[in-house]
Amino acid sequence: MWPVQISKQRRRRQQQLQQHGRALLKRVEQRQRWAWQATNRSDLHDGSFHVAISPVLVIAQCFGLMPVCGVRAATSRGLSFSRRSWRTCYSLLYIGAISFDALFAVNFALHGGLDMRSVEPIVFNGSILWASYQFLQLARQWPQLMRRWARVESHLPPYASWKEREQLARRIHSVASVLLSLSLMEHLLSIISSVYHKVCPLRQDPVESYLYAVAVQFFHVFPYSNWLGWLGKLLNVLLTFGWNYIDLFVILVSIGLSHLLTRLTRQLQQLVERPMPEKFWTYVRTRYRSIVELIYDVDDAISGITFISFGSNVYFICLQLLKSINEMPSTMHAVYFYFSLAFLIGRSLSVLLFVSAVHERARDPLRLLQLVPPSGYLSEVQRLANELSSDNVSLSGLRFFNVTRKLCLTVAGSIVTYELVLIQFHEDEKSWDCQAGKQ
Amino acid sequence: MWPVQISKQRRRRQQQLQQHGRALLKRVEQRQRWAWQATNRSDLHDGSFHVAISPVLVIAQCFGLMPVCGVRAATSRGLSFSRRSWRTCYSLLYIGAISFDALFAVNFALHGGLDMRSVEPIVFNGSILWASYQFLQLARQWPQLMRRWARVESHLPPYASWKEREQLARRIHSVASVLLSLSLMEHLLSIISSVYHKVCPLRQDPVESYLYAVAVQFFHVFPYSNWLGWLGKLLNVLLTFGWNYIDLFVILVSIGLSHLLTRLTRQLQQLVERPMPEKFWTYVRTRYRSIVELIYDVDDAISGITFISFGSNVYFICLQLLKSINEMPSTMHAVYFYFSLAFLIGRSLSVLLFVSAVHERARDPLRLLQLVPPSGYLSEVQRLANELSSDNVSLSGLRFFNVTRKLCLTVAGSIVTYELVLIQFHEDEKSWDCQAGKQ
Amino acid sequence: MWPVQISKQRRRRQQQLQQHGRALLKRVEQRQRWAWQATNRSDLHDGSFHVAISPVLVIAQCFGLMPVCGVRAATSRGLSFSRRSWRTCYSLLYIGAISFDALFAVNFALHGGLDMRSVEPIVFNGSILWASYQFLQLARQWPQLMRRWARVESHLPPYASWKEREQLARRIHSVASVLLSLSLMEHLLSIISSVYHKVCPLRQDPVESYLYAVAVQFFHVFPYSNWLGWLGKLLNVLLTFGWNYIDLFVILVSIGLSHLLTRLTRQLQQLVERPMPEKFWTYVRTRYRSIVELIYDVDDAISGITFISFGSNVYFICLQLLKSINEMPSTMHAVYFYFSLAFLIGRSLSVLLFVSAVHERARDPLRLLQLVPPSGYLSEVQRLANELSSDNVSLSGLRFFNVTRKLCLTVAGSIVTYELVLIQFHEDEKSWDCQAGKQ
Amino acid sequence: MWPVQISKQRRRRQQQLQQHGRALLKRVEQRQRWAWQATNRSDLHDGSFHVAISPVLVIAQCFGLMPVCGVRAATSRGLSFSRRSWRTCYSLLYIGAISFDALFAVNFALHGGLDMRSVEPIVFNGSILWASYQFLQLARQWPQLMRRWARVESHLPPYASWKEREQLARRIHSVASVLLSLSLMEHLLSIISSVYHKVCPLRQDPVESYLYAVAVQFFHVFPYSNWLGWLGKLLNVLLTFGWNYIDLFVILVSIGLSHLLTRLTRQLQQLVERPMPEKFWTYVRTRYRSIVELIYDVDDAISGITFISFGSNVYFICLQLLKSINEMPSTMHAVYFYFSLAFLIGRSLSVLLFVSAVHERARDPLRLLQLVPPSGYLSEVQRLANELSSDNVSLSGLRFFNVTRKLCLTVAGSIVTYELVLIQFHEDEKSWDCQAGKQ
């Protein structure tokens, strides 16, 4: 049933509503001012992305990534990058070490004959090397990017409660701890399955044999020595962390960006069905615009990392599925293998879902705008609706592909096709040889 | 030829038309009020989706799916869900039974060696298990969803005649009975072809031999016993019904949603070429919006089921096409096989066409809006046109893909590609072995 | 450099221009009226689609397709369809004959073993059978469709000269004669290559041997007899014409639709840079709308035929490319084979380009609207621009795919993929066997 | 934070800003006039595309491509095309020579048996022959196209400094010299690898042997003679240059078009956040429109060349990847081969990135328009925004595909698929045979 008669009463009610809208707007502003002061008083848990992500960055720095100073600072103003800080030196040392490792891996692979499987260590080393370089580049832009992010955050509608304020940090910390624990568990399983159930031992001592397998690219050139084995193991740990961290970092940044959009949408949701004044819509439009511009800037900064993340995940899923046809030498190997495969697919799917959420959150306001009543459908609302329907906000892989939920099916289809074709080149004898791949 | 002169006469005629439009609007409202009262007086055949789908839900409940109470109630207000009702218990029992069956199937498949063909029972059991769980979840949301649906229905233009009112119910019942009869016929054919033309009998008695084949996953573990055979057959019947019901349910919900859109479009069709007042367009826009929001909500509730439906259909079509290369052991087998294949492809195509109809019906009003005369092209019309062209209404498979008619060609192309590649791994000796797959 | 000062002079000039625009409009109308009378005086070459396509329809009727009465009538009012006319009977006889032929072909193929190559006669017969049925259905709708088409034509800007008026007919006749001559030449070449260079003669007399090969599906059941051979040859000629006519018909209808859009665009092109009154734009918009609605109606009527045309072309290109690997038994065979392949690819490409031209012509006005000066950018112009950018006008194959130029690459990519995979199943011994496939 | 109160002060400030805007506009105009005069005074480095590309065209003319007169002229007015000029004759001679070469290549390939690899010289010769013909056609349109380009350039905002003015020329010259040097290096490497490390020498003298291999298509017909060898080598050099020049030309034209869009965007960037008068937006819109129309015209003229460029690059990447599986006969061969492969992939990727930049630059203004303040969001801004979001500006390959960054992944995916399938037909014995392919 639709409104039958617009009597004068109705017009009066509308004016009242509009006044109500203005009053509401003022209240919102006041709350915002109050919230702002509150934030300044206590810097703990101010709900900013900078504070939420800092523990994860500290861990990354332990492994030589993201050498930016002041990650534990209370606000983003404390961030800085210096070429001469010890963090940068440590990071450069790390890059140098894995470059050497990569060279040895290339040398080892070239003596085997190139195919899908023997290039595995090259792809593994190469992608992490490239990512490390990208993280170094990112570290230079990080302070400025975080300051922009903080500026965008400060202009958004304030948090209503402590619970809401802690939400972002809690989400980031839980995702990070789950992913890092699982990757640790996968690494330990790989060690156990290698040490205790060695099929073709390369050396008599099981630990020596394991070290030999881990650092086989060195021992292809140098004679066996324990310290070189432990060095290889150390590098292997650093690389494995780096490999997991690429995906984790992309997920966390996406969570942060989605959160910004959600905050704006939540406010919109409450007010959209009342006739609001033009000023409110200008506010919403400019806020939305500033978030979108931030997303574009973040994308420029991290799209190289996103590209590596997706590319290497697709490659390793193809490879592991190809390996899955082989018979497993022992139950321990089978347990490790299927855990590792499930972890890999799960991690890749999470990256895709979290990153594509940015695209979906950015479309949400369009659906809300369609609920604006005719009396409140001012020219600013129309402009916002037009802009929302014409732009296509999402993170991307070097702008070669946009990450949306649709991408999942395309990627899955390609993997199935490649898999079917690859299986034909499958040689059984190569399976489960004694060189432990990337563990 | 275009209007040459806008004389005063013309303006007067336009005013008359607009008055006419308002009078028409009032008449429509009145008829609506009348229709509303009529509906309240006789609840039989009130043309609502709830009443139309109730017989199908009753059948589903006999097979342990959708344990919601009050499906035979006169209005959606009678619906409820309780964890402790016997329907829920029955449903949980059903899920438990097929879980056990799935475990036995996995165990049996693992002892055979994994490939496209041996995973068939796992995919079959697994997809129905997941779907049953989804139906249980859906049952909890069903009462609220139906009430929302009824609210949307009550605000739509009323039916003009008894015939129109019965249309939805008749369509749903005929589609359901055709699909269920065909699936029954397919199942009977599978039994006949198995019992009378056994190639390699596993036991002497033909019935025992059939039961052995049907419940082979049990007899791989336990010794043969008749009661276990009949239990296996019972589970097999339940599973086969569930498998057909997934597709049927998705089709029926799509018919219901398309019907809502058609009702709105039909009214629009009659009035679109006259200059109608702004209020009419606000009415149309808010009605259209409410239907679209309902579609989004229904999609959230059933997109998991849609995903399983499409996924399992693609898998089974690939598998059956792969089997089609084998030589058939007897004419009876050939008849059954090609009937089964045709039924499978027909059913999958119907799902796609019925579900994609929602997308097409949602686009129809856009074409009608282009016929609005310039004098009646008010700002609300323009807003509706903008909103229609910017949103992309359709059901989806977990939002990974939208179901539109274009999807058909993509899926067909993929099936052909996979088929061509799969044929290469085709081993003839495995064909038509004595384990009747999913019949 | 942009307009620096809008002095009063300029405003006066603008008013003059607007007056000029109105005068121009009147002149256009007058010319239209004149043209209309002229058209009524001489019905020969009135530039209508009905008159232009009539000779092609006459030829089609000789081969039993499109049994509509009055195709030679002066206007579309003379068209009619009757179930009892001798044309319909002839057409039904034709469909009956090729149905029998198809049954024999299926029987013959089933005794060979199904693969990509042996199903060739089934696909060939089946697609023409389906198309004939579609043409019969189309014949029933044809009179009404042509009358609607004539109505749309009568409201378009009139032709400026005799030359322009003849353009459509000349284009249709030249395309039809080129395509039909080439198909005749291809058929003759196939006879020559078969008769004179028989590799494995089935009978001693070369003509008998040829007839045996052409009607092999009959002689698989019946003993050889000359009259059955000639009957088979007659059916073969009818089928080959039908096969070419499917593509030709789709091309000619597309030319007609494109021509309508071109006429409107040509007028727009002349007037778009002057400030025209609102009435002019209402005229353009409603004219454009009526053409688009005609395109939708034509698509509903012929999309089944378009689907067959594209589907069978893709299948036969795949098949011929697959055959191209075989060694040719003689130069004559090679000449025929490559001519046939080139003709097939050329014909398929023409269908795609002509049909996709409809889509491109329908987009043209959007580009012209962007040249409208600011003073002439009235609300009707904006509405037209919005409508043009939101709808997606094109012919389609049963709405499963829209025919645009982009489709070409998708199809070519698929053909290459399938070809590469198919080559693997290629058995050389089957190549160039003595059963001449579809010639 | 959003503007809380629009006091009178604010309105006054807005008026001031608007006045400021008009003053700014005048200043811009004046600077433009000054710049124009400056341009007329010194024709050297006037920043026009015509002057920037002229050295590259001169080089092309040395190799018989683009026979247009007056490429060294100071302005585009000096350009002309004559059928009887010696340049045209030279070009026709060139086309004649490579046509003969192509015929010999086809003859040679036909005696080998057709497959992916033996058609290499045919594809190589054929694509360059077609491109040469396209360049000849383009030469006829070039003078007019350049004059239109100059007209568009003259209406754009003038350069601010000498540095900016030289930017286009410097960019074009550096890209051209890098690409041509690399192609020269690749050609020399191919000679070295062929001459010094001949695996199976066809003649005793290494130079003779090399000439024999280069002109093998001739010596298949005629007996060996030195002058024919050198002629073959000359043709080979001409073809190799032509092959590289196709890509280079497409890149340079794209740089020119992107530069036009960048100039407009740069001005917009400075002024977009101030409230500018309507006239400014009319200026921007018509300028943007004129660039887009130029892009469409350029696309019509060169899309054939773009098509060949993309098609031949995809073919040769597939072929070289296929060859990469073979064992290399010597280190020199390996160095040459991987350099050649890297150069090919790098060149193809550059073409794609440079051409797709046109599409991206054309979208940039849309993002800027979203920053226009509400007070400056006039109807012209809205019109420009609508037009920008509805048209899809990009260069294309015969309009079969638009060149955007997304194309890259599609092409890469296809190459991987084809590669995987092709590898199966790989015969090792054919690898590195003694006929040097296209070097």
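A, B, C and D are the chain letters, set down in written order, and residue numbers restart from 1 in every chain.
Heads up, the rule we're going with is that a contact is a pair of C-beta atoms (placed from the backbone, for glycine too) under 8 Å apart; a residue touches a chain by one contact, two chains touch by 3 or more.
These numbers come from a predicted model, not from an experiment.
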Cα-superposition angle relating the copies chain B and chain A, to nearest 5°: 90
Most distant chain from chain C, judged by the mean position of its C-alpha atoms: A
Interface numbering overlap (same over half, different under half) for chain C and chain D: different
Rounded Å distance between chain C and chain D, as computed from the means of their C-alpha atoms: 36
Between chain B and chain D, centroid-to-centroid distance (C-alpha), Å: 51
In chain A, residues with contacts to at least two other chains: 386, 417, 421, 424
Contact footprint of chain A on chain B as seen in their complex: 29, 32, 114, 155, 278-280, 282-283, 286, 289, 296, 379-380, 383, 386-387, 390-391, 399-401, 414, 417-418, 421-422, 424-425
For the chain B and chain C complex, residues of the former touching the latter: 1-4, 6, 325, 360, 366-367, 370-371, 374, 377, 382, 385-386, 388-389, 405-406, 408-409, 413, 416-417, 420-421, 423-424
